[in-house]
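Across the two complexes that follow, subunit A remains constant while its partner is subunit B and subsequently subunit C.
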Partner chain A sequence: MKQHNLHGSVLAVLFLAFFVMPEYHDGVFARIMVLAVYAVGYNLLFGYTGLLSLGHALFFATGMYGLALPMQHLDMGPVPAFLTGLAAAAMMSLAVGFLALRTTGVAFMIVTLMFAQAGFLTILYFGEYTRGDEGFVIQQADRMIAGLDFSDPTTRYFAAFCIFAAAFLFIAWLMRTSFGKCLVAIRENEDRARMLGYDVQLHKLLSITLSGVISGASGAAYAFLFGYAGATFASVQYSILPLLWVLLGGAGTTIGPLIGTAFAFYLVDFSSEITDAHLLVVGAAIVLLTLFAPQGLAGELRRRLFAWLP
Partner chain B sequence: MTLLSTQGLTKSFGGLHAVRNVDFNLPEGQIRALIGPNGAGKSTFVGTVIGRLRASSGDVLFDGRSISHLPAHRRIGLGIAYTFQITSVFERLSVHENVALGVRRSGGSDTETEPRVRQALSRTGLLDRADSHAGDLSYGHQRLLEIAMGLGQNPRLFIMDEPTQGLSESEIAEFKSLIRSLAGDTTILLIEHNMNVVMETADIVTVLNFGEVLAEGSPAEIRADRLVQDAYFGTVSGA
Partner chain C sequence: MDFGPHLFLACLEGAITAAVISLTAVGLSLVFGIMRVVNVAHGEFFMLGAIVAWWTATSLAGHPAFGFSAALVTAPLVVGLIAIIINRLILVRLNYDPERTIVATIGLLYVIQQTALMTFGPDARPVEPPFNTRIAIPWIGFGDSGFELIWPWGLATTTYKLAVIAAAILIVATVWLVISRTRFGLIMRATQQDGEMATSFGIPVRRVYAIVFAFGAALAALGAVLIVPVQQAHYLMGGDPLLLSFIVVIIGGLGSLPGTIIAAVIIGMSDGIISVFFSPTLAKILATLLVALVLVFRPQGLLGRRRA
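Coming up: the complex of A and B.
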């Protein structure tokens, strides 16, 4: 019950925040919510299943280009293009999972990293269509669904809110099912889970696929709402970012991804105001958090105050 | 009826035959103890039965069907539970969740699985610790939790690898009465070093030595067997 209240409250705050916050922060929060979806997807694999991937930018970018390329080159409408993005991310993560899950631990990290690099280079190689690093803009005229203009800040905020709410509630639900609990069991003690009769490989494969689809949804929504797709989003940096957000917010918690993403955004925002060396501030904050809240912000709250925190 | 049997089961590591050509039959409902000196191949034998290790040759049959080609989780899905020799529980999860994971695997809603979880916990005396983290339990209680995880699965065959290792005398006494209470419901294959436990709980004892079956019989017969005494108790023939 507490969990339902918490999830309801988080969403209510995000919904109402739009009417209270200054316009600038509405824009920032639209971006945070879309990217928090990416962190939610990453958290499913890393926080709940215990698999550290360094190649999630591949899934994010697959969703992004899965939407943007058909819209750009085939004049596909946004809704089918979004579904294409999801389907592409699903296939990509299924294929990568099928191969990468033959490895474990450090090898899994390296293999996922290599796949993502291959994806990044592929995007550059097909620069004729993808425009490579430069990327391309999705015209405002194309960013319309049923008469609604998704480049408008209000529409964009609530579109971001809806997609975040969907991912957030999906994970909250999933982790209460026996499938979700088995993922946690695999994270905690893989051999024991297997010897209780669970098909560990299959659960991992489904986890990486779901994680890839959610990450891809974030990428597709990002391209659509902010009107841009570029190869930067497939680079290593974008594989590290969700890891960072989840670590900051609290791996294996439902609200951690949102907290971590928002925290990281505002940390950069705040520190760029006071110094050019804003990455120094970010680095110091990460070091402090690692020292004093190794389980992330939500993880630390759970440890100290609210043991029931999901 | 035979529930578990092996035919010519062999497991080699390089040139070492850890298990050599073992024919083994375990009738349904029996409590069977598997004993033997250190390095006799007991854990390797059950490892190949359960599928944690791949047999070099030979066949494992469960309920009349060959299961040699199945991965471990599928064999467990057929109704075999297994407890680890070295305690292996989900330390950061609650005692309740540890057992529930085993119960839930066979399906059913929370309202259906909950009574089975509580029953397994109360039979092992862990009910009042259900909300503790498994890692906070004493070693002896973690051993009992392993057994509770097995019981929760309602197994047709329950394989326990040295369940009394590290238990106190009073815990061993409770364990023996627990095993006796299971007699008839579940078939049990017990690897055990504590001869006291073996003599008091087992219907039949199988002795392994150098990966081969050395003797098989009732506890009294095994105790009287000269070969077993030589191999296991270290007495010298004719001495």
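Coming up: the complex of A and C.
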């Protein structure tokens, strides 16, 4: 019951925040919510299943280009293009998962990193279509569904809100099913889960695929709502960022990804007023977190104050 | 230029890459083999080495050879010291846990890189080579009077580039001798095989870890000092050597020194040759995919032996 109240009130606050916050923060929060979906997807694999991937930018970018390329070159409408993005991310994560899950631990991290690097370089290699680092803009005229203009800040905020709410509630639901509980069991003790008769490999593969689809949804939504797709989103940095957000917010908690993304965004926003080298703050935050708060903000809250926190 | 001389030139460029990569990769491989730590910030040690070399060379007046020789000493020392501090402040506290150290060194990568950006600046800065005579290379051609020596235009190298290759061979050979022949090498190998057993034999494992980490960083810095007269010092220069060293260490077999050196030569040469004749991006795509597939299907590396 407490969990339902918590999730309900988080969404209510996000919904009402639009009417209270100044315009600038509405724009920031639209971005935070879309990227928090990415963190939610990452959290499913890292926080709940215990698999640390260093290549999630591949799934994010697959969703992004899965939407943007057909819209740009095939004149596809936004809705079918969004579904194309999801399907592409699903296939990509299934293929990567199938190969990468043959390894564990450090090797898994390096294999995912290398696949993502190969994906990033492939985007650069086909610069004729993807326009490489420079990227391309999706025209405002194309960003309409049923007469709604998604480049308008209000529409954009609520579109971001809807997609975040969907991912957020989906994970909250999933983690109460027996499938979700099995993922946590794998994280806690893989051998014991296997001994109890669970198909560990299959559960991991499903987890990485679901995680890839959610990350891809975030990428596709980002391209659509902010009208831009570029190779930067496939770079190593975008594989590291969801790790940072989830670590910051609290791995394996439902609200962690949102807290972490928002916190990191405002941390960078605040530090860029002081210095250009905002990545310094990102790096320092990662080091300090691994040293002093490996549980993240929500994890520390759970440990110290609210043991019931999902 | 004909195909033959062109290929020869590509091989020569490849040999320089191989020379530098073998130094950074041996450092990475030692750290992984002995400490089980994947140091993602290794490329930044390389970059720091180049910056310290630039700083030393510009703050000393006189003949360029003087500044360069000083850099050969200061860069590994300074970078080794930084590595010892990082080891003490971060790695020890994480108890060398493999996954948490990866995440922490990713953070370190950004911290070092951005600190370099803020202090050293975004410009690429050159270091003057100590000696740099151009040597034209003869080629055997088929002329009117049978085989004869010709001097194709553009087929040339410099004494400095040849010296880089020789120096790298010398350094790697020294490292090999230290590991296989000296008492400290024996201690390192004992720590690698079984840390707990080494501890019970009275080996100060923590101190060995600190020295190995500093040693690995110093090797990367030394590689950077060698390359910096050919390729300028820049705050983003750590990325490529990191990727290539990773590829080399994985293909050669994690923690196997001979494998690492052989893989460095193969990868360095093919990187040079593929980049000259084909697109460098394509070369990197193939190399990264190769690494991923080697790890998936042959995790002990192409030359490594399966661990018990």
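One rule holds for everything that comes next: the second predicted complex is superposed on the first by the 291 of 310 C-alpha atoms of A that agree within 3 Å, B and C clash if a C-alpha of one lies under 4 Å from a C-alpha of the other, contacts with A are read in each partner's own complex, and residues count from 1 in each chain.
Here, a residue touches a chain if its C-beta (ideal position, glycine included) is under 8 Å from a C-beta of that chain, and two chains touch if they have at least 3 such contacts.
Since the model is a prediction, treat every value here as computed from it, not as a measurement.
Trainee: Quick one: classify A:304 as touching subunit B (first), subunit C (second), both or neither.
Mentor: neither
Trainee: Have a look at where A:73 lands relative to subunit B and subunit C in the superposition and call it first, second, both or neither.
Mentor: The answer is neither, since A:73 touches no partner chain.
Trainee: Kindly classify A:199 by the partners it touches after superposition: subunit B alone (first), subunit C alone (second), both, or neither?
Mentor: A:199: touches subunit B, not subunit C.
Trainee: Check whether subunit B or subunit C contacts more residues of subunit A in the superposed model.
Mentor: The partner that reaches more residues of subunit A in the superposed model: C.
Trainee: Considering only the touch criterion stated at the top, classify A:2 as touching first (subunit B), second (subunit C), both, or neither.
Mentor: The answer is neither, since A:2 touches no partner chain.
Trainee: Quick one: classify A:191 as touching subunit B (first), subunit C (second), both or neither.
Mentor: first
Trainee: Does the superposition put A:114 against subunit B (first), subunit C (second), both, or neither?
Mentor: Only subunit C; A:114 stays clear of subunit B.
Trainee: Overlap of the subunit B and subunit C footprints on subunit A, residue-wise?
Mentor: none
Trainee: Looking at the complex, which residues from subunit A come into contact with subunit B?
Mentor: 178, 181-182, 184-185, 188-189, 191-200
Trainee: Looking at the complex, which residues from subunit B come into contact with subunit A?
Mentor: Its residues touching subunit A are 50, 52, 72-74, 76-77, 82, 84, 88-93, 97, 100-102, 104-107, 149, 153.
Trainee: Which of the residues in subunit A come into contact with subunit C in the complex?
Mentor: 52, 54, 99-100, 102-103, 105-107, 109-111, 114-115, 117-118, 121-122, 124-125, 240, 243, 247, 275-277, 279-280, 282-287, 290-291, 294
Trainee: How about subunit C: which of its residues touch subunit A in the complex?
Mentor: It comes out as residues 38, 90, 93-94, 98-100, 102-104, 106-115, 117-118, 243, 246, 250, 279, 281-282, 284-285, 288-289, 291-293, 295-297, 299.
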